[in-house]
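The first chain written gets the first letter, and so on, giving A, B and C; residue counts start at 1 in each chain.
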């Protein structure tokens, strides 16, 4: 096994089928035994909905978090929404901005995937 | 403040709401005080419309340009369109191809964001 | 001419117009004389349809393959589909997972483009 690779998924869309697809993509990556990865999901815009405790995707999101996947919310989106951090599943964290976080992680060597 | 990070936004879709979202994403990045960035937007396909002087997004595009954001048009798209460079806001520049520019900038260390 | 740059295109959507757009993007990149590139296309989800021998895009896909472009299928998608590898154009190869391949190639220095 080679060294662990960093990768950040960008989740900007609110459609439920889209959220399910992205989380399935992450699960497929975690299940791929040919590569060792450290994964973060950065949600902004409608994409933050998939991390709500009441979302159809909440159970999958919890499973991802328990598998070590970082689940990150854009503070700009959060502030402009009707939600508070308490509305999201446990373990979700807020980042200064989705765009800043995506830039910073790539600058630090992470790959980027936009399903 | 750490060193300035390069990032290139890919803008391939013509829908006005999409263009507005992308420009808002860029503004959010510029406003993020936790990171120092140098930003380029590479527009191709329908995405070039958001840089037209008559576009609903023209004023925001000018503001981005004045903030130092590079606004780049794909020459293939431009040649296949009904527009000339004069139809776009001041400061827009033409690149050999959107795909080539996105590749080159990433090869030179830029991050990539596809809203 | 500077050294050859690696780039990987992510092709996750099944719409025919989308597939045609992505392949046109790749052709534009190959035609860009200002940059030397080595290109792979990683297809998953509906995106694998564009590589079928019976697809409207089959002829263009063959042309890309003959030009040296790697055409890669996600094994998860393939296993969950009604297709077998023989249904695809010659030269298509299967990768352990689309997400793993996109991560690995970026970790090895490739740029990423998601049209």
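What we mean here is this: a contact is a pair of C-beta atoms (placed from the backbone, for glycine too) under 8 Å apart; a residue touches a chain by one contact, two chains touch by 3 or more.
Everything numeric in this text was worked out from a predicted model, so none of it was measured.
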Chain contact graph, described as a line, ring, star, complete graph or other shape: complete
Interface residue identity across copies chain A, chain B - same or different by half: different
Magnitude of the superposing rotation for chain B and chain C (Cα, nearest 5°): 120
Chain centre separation (chain A, chain B; CA means) in Å: 25
Shared interface positions of chain B, touching two or more other chains: 112, 114
Chain A-touching residues of chain B, taken from the complex the two chains share: 5, 7, 21, 25-26, 28-29, 31-35, 37, 109, 111-115
Interface residues, chain C side, partner chain A - complex: 10, 12, 44-45, 74, 76, 96-100, 102-104, 106-107, 112, 114
